[in-house]
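In the two assemblies presented below, subunit A is common to both, partnered first by subunit B and then by subunit C.
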Partner chain A sequence: MLAILLRRLATALPTLLAVILLSFVLMRTAPGSPFDSERPLDAATRAAMDRTYGLDQPLIVQLGRYLGNVLQGDFGPSLVYKDFTVSGLIAQGLPVSLTLGGLALILAAALGIAGGILGALRPGGWLDRWIGFKSAVAVALPSFVTGPLLVLVFGLWLSWLPVSGLDSAAAWILPVLALATPTAGAVAKLTRTGLAEAMVQDHVRTARARGLSPLTVLVRHALPPALIPVVSYLGPAAAGLLTGAVVIETVFGLPGLGRYFVQGALNRDYPLVLGVVILYAGLILLFNLIADLLYGLLDPRARG
Partner chain B sequence: MKVAGALLVAIVVAALLLPPLLPWGYAAIDWNAVRAPAFSPGHLLGTDSVGRDLLARTLAGTRVTLAVATAAALVALVIGTAWGATAGWFGGRIDEAMMRVVDALYALPFMFVVIVLMVVFGRSVLLVFLGIGAVEWLTMARVVRGQVLALRNRPFILASEAAGAPARAILTGHILPNIASVAIAYLMLTVPQVVMVESFLSFLGLGVQEPLTSLGILVHDGADDMDIAPLTLIVPGFVLVATVVCLNRLGEGLRARMAR
Partner chain C sequence: MSVYAVEGLSLSLNGAQLLEGVSFAIDKGGCTALVGASGSGKTMSCFAPFGLAPGTPTGSARLEGAEMIGLAEPALRPIRARAGFVFQQPLTALTPHLTIGSQLAEAAGTRDRSALAAMLDRCGLPEAKLDQYPHRLSGGERQRALIACATAHDPALLVADEPTSALDAGLRHAILDLLDRFRERGMGLLLVSHDLPLVAKHADRVVVLDGGKVIEDGRAADVLERPQHATTRALIAASPRLDSPAPLLPEPGAPLLSASGINVRFGKLAAVSGASFDLREGEALALVGRSGSGKSSLARAVARLGPCDSGTVTWRGDPLPPRSRMRAEHRRCLQPVFQDPAASLDPHWTVQQSVEEPLRHLFPDLASEARAERAAAALDEVELGSAYAKRRPATLSGGQAQRVAIARALVADPELILLDEATSALDVLVAGRILDLLGKLQASRRLAILAITHDLAVARALCHRTAVMDAGRIVETGDTAATIAAPQSQALRDLVSAS
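Let's look at the complex of A and B:
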């Protein structure tokens, strides 16, 4: 297990470093500056601003300084949200985004695995085809369509649920639902395929022949190998949920990381965009790592 | 698969041929019919918040979205095939190094890389599809590499190698024709993914820019105005989802048929 962990870290850390390097260089060589505005600053002020933010130094010096700071958890000052550091904005937004993404992941896994099992119970039956169709549509339902539609139906027409902000627990329902839908569809499909394959394998037939109850056969013998593709999907799913959260936070006006990211991107707030990209990359690599470790738990052959 | 194909053809044909037949263009403003309901005279699906015909706008948006998606998928096809075929052909260390790069890129937050590209180089349609194509080629590279690897030691390839054919001739003459069907199936599966990415970016205001329109922009505008004119959200949203579902179905059907 430790060997897998170390081997995976050996690829994950250089990847993270490459992300930082690439986005840093891209950001700094980009035309235009965050201090561009309708009324150009006079040269002296401009020079002073550049000096304050260290933008007058050569690129390699800026990069070294930035890496050093990032290692200490300091992503620099936000250029647009004056008086805020990027780390401060991240500390504000991250808990909201993580709660949103975490709840959506749990919901998607629960719905998807349950749907996949129900479908695989009788392959080709009406329930299987119905769930298959539902999950094919769910996969194609991007959060920026589901989000507004849910708001329209449950918020504006029926007035059952709040449409924005986070004033009550009920406010989480619509955003989590919209975010979880495509992931749930993908999980259902993976579970269904994996389970249908597992059900006809020798060890499952043996378990049946031993007279075990159908439930035991399903849960103890068929499900673990069937869930392997689902677990390897955890990494991409985390990436999908994080990107989806960007839209969901914009649609529902939630004070999460994604909203800062979009605002930062639209306003050329380089330190903010860079900080959030690094954080997202780190999170996604972390999820891939967790997926690899779980993989080892489910499939003894992968422990080697 | 037949239903999906028929619906997709209907959407594409409508997007390509119908706009000139409509009384209003996608950017034309009808001052007398702002937020007109469906079935108003001249506006079958009504108009948006500034009086532009919803049907014309949806068709124009579909056209832009599909054009960007097709172009980006072709970019992905070219990069992915070249990368995967090279890795699979040479094998050994080169293969390992090239596939390690693909693995590393797989772990990246694509969407954010594209957004960084958009921020850095400004927002243009050309860049949207180049950027998306540049990050969507990974699956294609993996698939092509696997195919080439399997073909590499087949007798007819070994025979032409032994006969002294240059690598370039073998690749274009024997390998490419044999991987074409699988590559096309994956091309079909890349298109809906690109549709999603493009709509996502446009929805956030980082993709296609006004006065051009795309399904993502229309969904965004519709979401802003949905309490008064719900159709402005529902129509482009439905077209987007229907297009993606159909493309996915077709792609999966093709893949199942090609996999043999």
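Let's look at the complex of A and C:
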């Protein structure tokens, strides 16, 4: 187990470095500059700005300096949000995004796995078909449809829940629900399919022959192997949920990370984009690592 | 007084009558064996009354007097818990993500470690296995663990469906001896097997099934020595026996393949150490040995289908390149047939597509009509015919699927075929017919054969010479009949005494 962990970590660091290099080069080769605006700057001011931020240096020097700073935990200043550092911006947005994504992840996994199990208890029964239909709809509906729909029904018509902002704990309910819905649908489908495969395995028949209750057979003997594809899916999906759901944050007016990602890219705010990319890549690597550890838990043969 | 009695058991599924009026009984401490060809309804007769097979049976099945037929699952479960079940495939019958100990605890209804250790102990496994996962155990150990689980709650009846057919010969009697010890404690045993010598030794009653009906039923000695029914006689005749007369084999020709100093390592384990053998045109060599002795690793290394760490292989005097550099003209000479036909055929492909596939790669210039023609000829040669061309593996029986696998091996006109336990997964009647077919092909095509087997009867039926493997080394080689008659190595003596 420890060997797997170390091996994964050894490959994670070069991957992260490659991601930084690639995004750095891509950002710089894209046309445009952070100081472009409606009214062009005069040449002298522009040169002064470039000098201030070190953008007049050769690319390789800039890269070296950036990497050196990142190693010390300094992601540089934002070029667009003046007076803010990238670390400061991320520190503002990350807690919101982490809360939103974390709650959505838990809800999606709980709803999805429970739905998959309920469906598999009586394969082909009305509940199975109903859950199958629901999860197909959940996967198919994009969050910019479910988000406003939830706002309309629960916020405006019924006035049960706040429409936007974060003034009360209840304000989390609608965005979390909207964000979790497609993931929950996908998890339910994957769980159900995995269980259908697992239920016809020989070892499940052995468990049934042992006189165990249908629920014990399902949860203890069939579920762990069935969850392997779910874990594969949830690893990268979790990183996506946690680092800011742009659409959901916009629809519900939440001050999360998503908008920095979009605006940073649009404004050529190099340090901001790189900071968010590093965070995103780091989270993806982290969650894939967690997924690998979970494989070992679900299937002892994967422990090597 | 019978522990378990089945009367007039019938079962139909999707319009097909699978069982019709099956009746048999098992005495306390007795053993009744159900025998018959595949598809005769043996497994269904075992599992249908307990709700472990699809469909709703009719008739009567009473375990310790409690009627099971007609009960719904919740009412059936406590009665089913009075029986224990052992399945055919020890590799897949245990839950892979739970330790042996936790599965045993589940079956026994206790977590007391010394009690669990005692249950393992009476099945011949040490206490340390409690903490291990099934994949760490060998096939024989898993089957013992499965028996430990099935007998943990002292069941009145043990249902064992082909409990030994996935195991090598040496282990079979050991497992049945183990089951006999449980019978001494009063447990009834319902045994399904196509291994008639085994049945003769352990069962006291034999029930012969054919097409879902009982065609013969009586004391084991009576049925096996004085069979009344033609099907029973065919089953007995098909049982391979070491004392049957040696077959006429084709005369070997020029040297074909020569392997020397083959080594295969898997990590720290030396699977094959310094093995050498030769093979001539039209000659058949059997590699025999128990599971894990390195037969498959050696054959795959030589055929360039598996890893080979060192050693040389020559084909008609020219060295055969390593696995990664084998080209079509090398692959054409040598084609494999594997143990499990259902697993070695792509379930999505038709028979014709599977048989044509080698031609696609080994003879890329062949036009599609010519490919179809050669595939049809190969299917004729394995006595299947064109009616099977459009079918998919799921609709084939085990024997038919293995014929397709043989056709696929033959279609590229190889000079040597590699048979990796090609008959071990088949029942005795079907295996006998496949052996007959291979014998015919051997004569008509002057086909050289490298046969990997743990079944000495296969070696006797097909092979000029036999090489015995033990712990990765070839310990004995010689003329098949002479070698089996006077085994020199302990490994071969064990195999002979187990056959």
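By our rule, the second predicted complex is superposed on the first by the 298 of 304 C-alpha atoms of A that agree within 3 Å, B and C clash if a C-alpha of one lies under 4 Å from a C-alpha of the other, contacts with A are read in each partner's own complex, and residues count from 1 in each chain.
Definition applied: a residue touches a chain if its C-beta (ideal position, glycine included) is under 8 Å from a C-beta of that chain, and two chains touch if they have at least 3 such contacts.
Predicted, not measured: the structure shown is a model, and the values here were computed from it.
After alignment on the shared subunit A, the placement of subunit B and subunit C results in a clash. Looking at the shared chain after the overlay, A:273 reaches subunit B, while subunit C stays out of its contact range.
By the document's definition of touching, neither partner reaches A:46: not subunit B, not subunit C. In the superposition on chain A, contact is made by A:23 with subunit B only, not with subunit C. After overlaying the two complexes on the shared chain, residue contacts for A:134 are found with neither subunit B nor subunit C.
A simple residue count on subunit A separates subunit B from subunit C, and the partner touching more is B. Shared-chain residue A:284: touches subunit B; no touch with subunit C. Put simply, subunit A uses no single residue to touch subunit B in one complex and subunit C in the other. Looking at the complex, you find that subunit A touches subunit C at residues 201-214, 220-221, 224-225, 298-301. In the complex of the two chains, the subunit B residues touching subunit A come out as 100, 103-104, 107-113, 115-122, 192, 196, 199-200, 203-206, 216, 219-220, 222-223, 226-227, 230, 233-234, 237, 240-241, 244-245, 248-249.
By the touch rule above, subunit C contacts subunit A in their complex via residues 50, 52, 73, 77-78, 80-81, 83-85, 87, 89, 92-98, 106-107, 133, 135, 146, 149-150. Here subunit A touches subunit B in the complex through residues 11-12, 14-15, 18-19, 23, 26-27, 29-31, 136-137, 139-142, 144-145, 147-149, 151-152, 156, 235, 239, 242-243, 246-247, 250-251, 261-262, 265-266, 268, 273, 276-277, 280-281, 284-285, 288, going by the rule given at the top.
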